[in-house]
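Each of the two complexes below includes chain A, the first together with chain B, the second together with chain C.
Right after this comes the complex of A and B.
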């Protein structure tokens, strides 16, 4: 006769067996993806760090140099300038792109079906290759003859302005082009986030006498925190690492005015072919990216909607 | 003589014939190549530019003569050719044939990526063709006794292209050939939307600053180190020329990001009267001319300083090598040799307006026709007393052009003291 204890032990073994099988199946399903991530992300990152500790020029490894590449980088005044310009480019773009994306998302939701069509149109620049975007804008902005903006200026009797070669205007111009290219992508995510906020909350707020601004501040923004966190994080990474548009539009000029860390990395690693120092820049950029994301999580993660 | 019984003479003949057979077979094999040849070049197999049309024709001719060979052109961005080639070579994925700039020859050779063509080229090519190439280019491809490559399209490289119609406006046929005279003329050529002079200021492959400086002759490059004195009197005088060109309105700060292609496109659109241009693109400049008559396009050497001869810097130019790791070196070398036949030289000249690689073909009547007028000008520039090449081992080749371009931008776009700009360039180079 089977006792209760024996049944309990058998059941426990059966459950363990099922759990073990589930773990094996789970690992088998996740395993290939994990191997892929390790192979194409993790290993190259470690190899990049390894190379940053070596003198590598034109694919010739000239030996271990310790932190020399990092020391040279931090002693280089142009590298500090590039870091400053990266932050200006990143936050300058974010300050315009995020509010614009939010306003667009709210407008798109109000427009309904027409909003979706508008969003699709706005997404076209994001779907385009950054180099194509650069070439497009280069021709639009060429001062004369043939440049679209130059022609507009001329129609108003104004002299041609070359926005990309002016040391003061080049960076703001790049920022506006970067925003033009990316904000619609952010608007999509925010549109989704807005759709998850219960409409009843707004009705209740209206009954309580809250105005539109207060409803936005006390309901929309807090409950949109998780979407905003995603948007700001993704845009930060995108803007901080932007390089293709800069290569195509300004080549880091005029007079280094648009040489960001991303461009400096490209120039050091792929033009100067100093791959050791180029990898050191990449590691520094990775650390800054991580720091910024951690900061966002700390700030926005406290919002009530962040866990949603 | 019966079949079963051979006399002594017949046996000897058969013996001699059998001894020759393997050698005959080798000759036959040497002429009948097979397999696939991969070529990395900036030209596209599908492109329509004059040089691309000629390359396609040469490939078709080669494949027709070698039916067992297929030729695959893998077009690459021209500034990445050398880098990608060395990387691919390290991973045993290099193409069989590589097009690259002469200024990178030493670096690429140091990485062991190039075959020694002394071992690969046929004896007839070495004895007949190489002496027929321009010695100044052919000799530069030999590094420490190793023939790393063969120069293609001998040309004065970065020269001045100008519009004769624009020069006519100021009563001249051609730009003056001393800087003292050139500067005021360039200023007068600036009119309305048109600028007197267009220089690439942000192109990592060329430096207008160095081109202007060559007006002091080949002595600017140190014979031992290959460096030039970035803060010396010649460099300061060069910087002053740039500043004067800006002050007379010939050069504009709106050029601060200009690449070679930008200058080309904007010249076609009528933005400049004179530009720095890559000589082998002459036919292309003519074909895209939009704001002027293509027949008004002409070529000039760079002005010189004082009474020195006009400057002609022969480089960077294209040169063709075979990968040290090619598994089909024989076929690859045969294709390279096919680029230098008299017929190929004539095609490069007639279709693309290029100076023929083979000097001997210049006796062809074509070179006396008006159609070949520009080639005659290029030839004259190649033989000019002010012609010089970059040193065989120009140090910091990956950094020197961008750094001097930034200095050029600062000279054009700021009022900063000339010496401070040059000192900074020197410090950045670490020279």
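Right after this comes the complex of A and C.
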């Protein structure tokens, strides 16, 4: 379809060869990107599966062991505890981040120009490095009356608390920092989603005597469903795989209270260098990720708005 | 009256939100300027009555600036590779008939969804076996691979919206196909390219976990890794640590502020069309 000039005597054969040529050119152009993406993002997953069936310790491959790494993993109570911690971290963050993002998006929408400035301000923490965020919050939370949170405790006449080493408070603290870091990213997508709801609908609803809450429930929520699902799926995957702020803030402690599956993988594979076992965890995490992605694609596919 | 209170509440909420978002960063900046003996002063002082740049100078004397340059170099290389390969692939996916195109698209979207962390451990062993571990190539290569799917996706979405007639008209005027794309189509793709570049820069510059597992020698370290090592040796030196936080934060935040329009557009675009 590039040049009409080449179609001369035997037009069908010429067309055929032109079509083949464009197919070859097209493939050659996609090739390099495809090779790099497969090499960096896809192949390691297969290699990880291969390694998870072997005993690998400190970069030394000691041979095939079948499913032994997986069996040991599923028998390990600490692994199940880590799974539980992952669920608490993931859903605890979601429960706070999604409503917060929704409220912010509605405020941002209403404020117009000032709203987009507010969105930019809220996104600054998201533009920061997660490990740098961890360093920053370690200082904010430093247990001393000279620290920022310590000063707040002091203002209420309380001694400074070390939130990050408290077995009960460490996890909620991590959750709040995770939400602080990236909830505004969800607000971007929700703000975009809100912008696509025709304003006339609200006018009509007001004329029909619907209150603000009813309008929110009957217009905003249903029409925002596909954006909400996108946001929930992106955040679930991002929180489930969060590891950098945990490394920086608590190192999985105190007494494993913040050891999520991601942190367990980091610790087993990169610190203890038990790479066979670590790869078994990596494969389990990879499968959970695929399952989550498939689940969300399925739910999203049913949404009429998502087809656009 | 009622809308008055409502707007008042909205304004209050906004101020509070802005304070929570920026407060900690402003506090870190303030700490980085205070002389060490005033850092733990009670009550805390937001605007330092005595200020100094000693902490920043100390980071340089500890060689942290080397890591700053490494971070910049890796991010630049990764973005350059991803933009070139991504634009070419994005254009081709938008224009050419390619065998198995649907599968290729699913691969790119899937790679975008799977976080790099889940495959980092096998990648480390792969890189050790291939001799790429602890080299200057390791991180730019990995980052380019992480950024590429997004680069392909935004450029393809953009090229899909450009009518073919535009290039065809240029070709009739005597341009070759490459010239037509380079001179006529690509300038219009600036928003998509800037979105991919900004995303790529933030991803590479802000990474810690890939950098700490793929390079080892101090000379190859990135800024976040160098800061964590610095913390390991001088854990209580909050002045220097916060100076580090500030210098690590300025480049990505400036980049984000400059190009936020394109980045936000790119995400909103990708999600609606995804």
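Just so we're on the same page, the second predicted complex is superposed on the first by the 256 of 308 C-alpha atoms of A that agree within 3 Å, B and C clash if a C-alpha of one lies under 4 Å from a C-alpha of the other, contacts with A are read in each partner's own complex, and residues count from 1 in each chain.
Keep this in mind: a contact is a pair of C-beta atoms (placed from the backbone, for glycine too) under 8 Å apart; a residue touches a chain by one contact, two chains touch by 3 or more.
None of these values were measured; they are calculated from a predicted model.
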Open item on the list: Please determine, from the superposition on chain A, whether chain B and chain C clash or fit.
Closed with: clash
- [ ] In the overlay, answer first, second, both or neither for which of chain B and chain C A:44 touches.
- [x] second
Open item on the list: I'd like to know which partner A:142 touches here: chain B for first, chain C for second, both or neither.
Closed with: both
Open item on the list: Tell me which touches more residues of chain A here: chain C or chain B.
Closed with: C
TODO: Check the residue A:55 against both partner chains and state whether it touches chain B (first), chain C (second), both, or neither.
DONE: neither
- [ ] Could you look at A:270 and tell me whether it touches chain B, chain C, both or neither (first, second, both, neither)?
- [x] both
Open item on the list: A:167 in the overlay: touching chain B, chain C, both, or neither? Say first, second, both or neither.
Closed with: first
Open item on the list: Quick check for you: in the superposed arrangement, does A:254 touch first (chain B), second (chain C), both or neither?
Closed with: first
Open item on the list: So the two structures are superposed on chain A. Out of 61-69, 97-105 or 169-177, which stretch of chain C collides with chain B?
Closed with: 61-69
- [ ] Determine where on chain A the residues touched by chain B overlap those touched by chain C, and list them.
- [x] 59, 142, 144-146, 270
Task: Interface residues, chain C side, partner chain A - complex - done: 10, 13-14, 17-18, 20-25, 27-28, 31, 39-44, 81, 85-86, 88-89, 91-93, 95-99, 104, 107-108, 110-111, 113-126, 128, 141-142, 144-146, 148-149, 152, 177, 202, 205-209, 213, 224, 227-228, 231, 238, 241-242, 244-245, 248-249, 252-253, 255-257, 260, 264, 267-268, 271-274
Open item on the list: Taking the touch rule as given, give the residues of chain A at its contact with chain C in the complex, in rising order.
Closed with: 2, 19, 22-23, 25-27, 29-30, 32-34, 36-45, 47-48, 51, 56, 59, 104, 107, 110-111, 114, 118-125, 127-132, 135-137, 139-140, 142, 144-148, 151, 154, 180, 184-185, 188-189, 192, 227, 230, 237-238, 241, 243-244, 247-248, 262, 265-266, 269-270, 275, 278-279, 282, 285-286, 289-290, 293, 308
Open item on the list: Please output the residues of chain A touching chain B within their complex, sorted ascending.
Closed with: 58-60, 78, 138, 142-146, 160, 162, 164-167, 170, 249-256, 267, 270-274
TODO: Using the touch definition up top, name the residues of chain B that touch chain A in the complex.
DONE: 79-80, 83, 86-87, 90, 107, 110-111, 193, 201-202, 204, 253-259, 262, 266, 269-271, 291, 398-399, 402, 406, 409-410, 413-414, 428
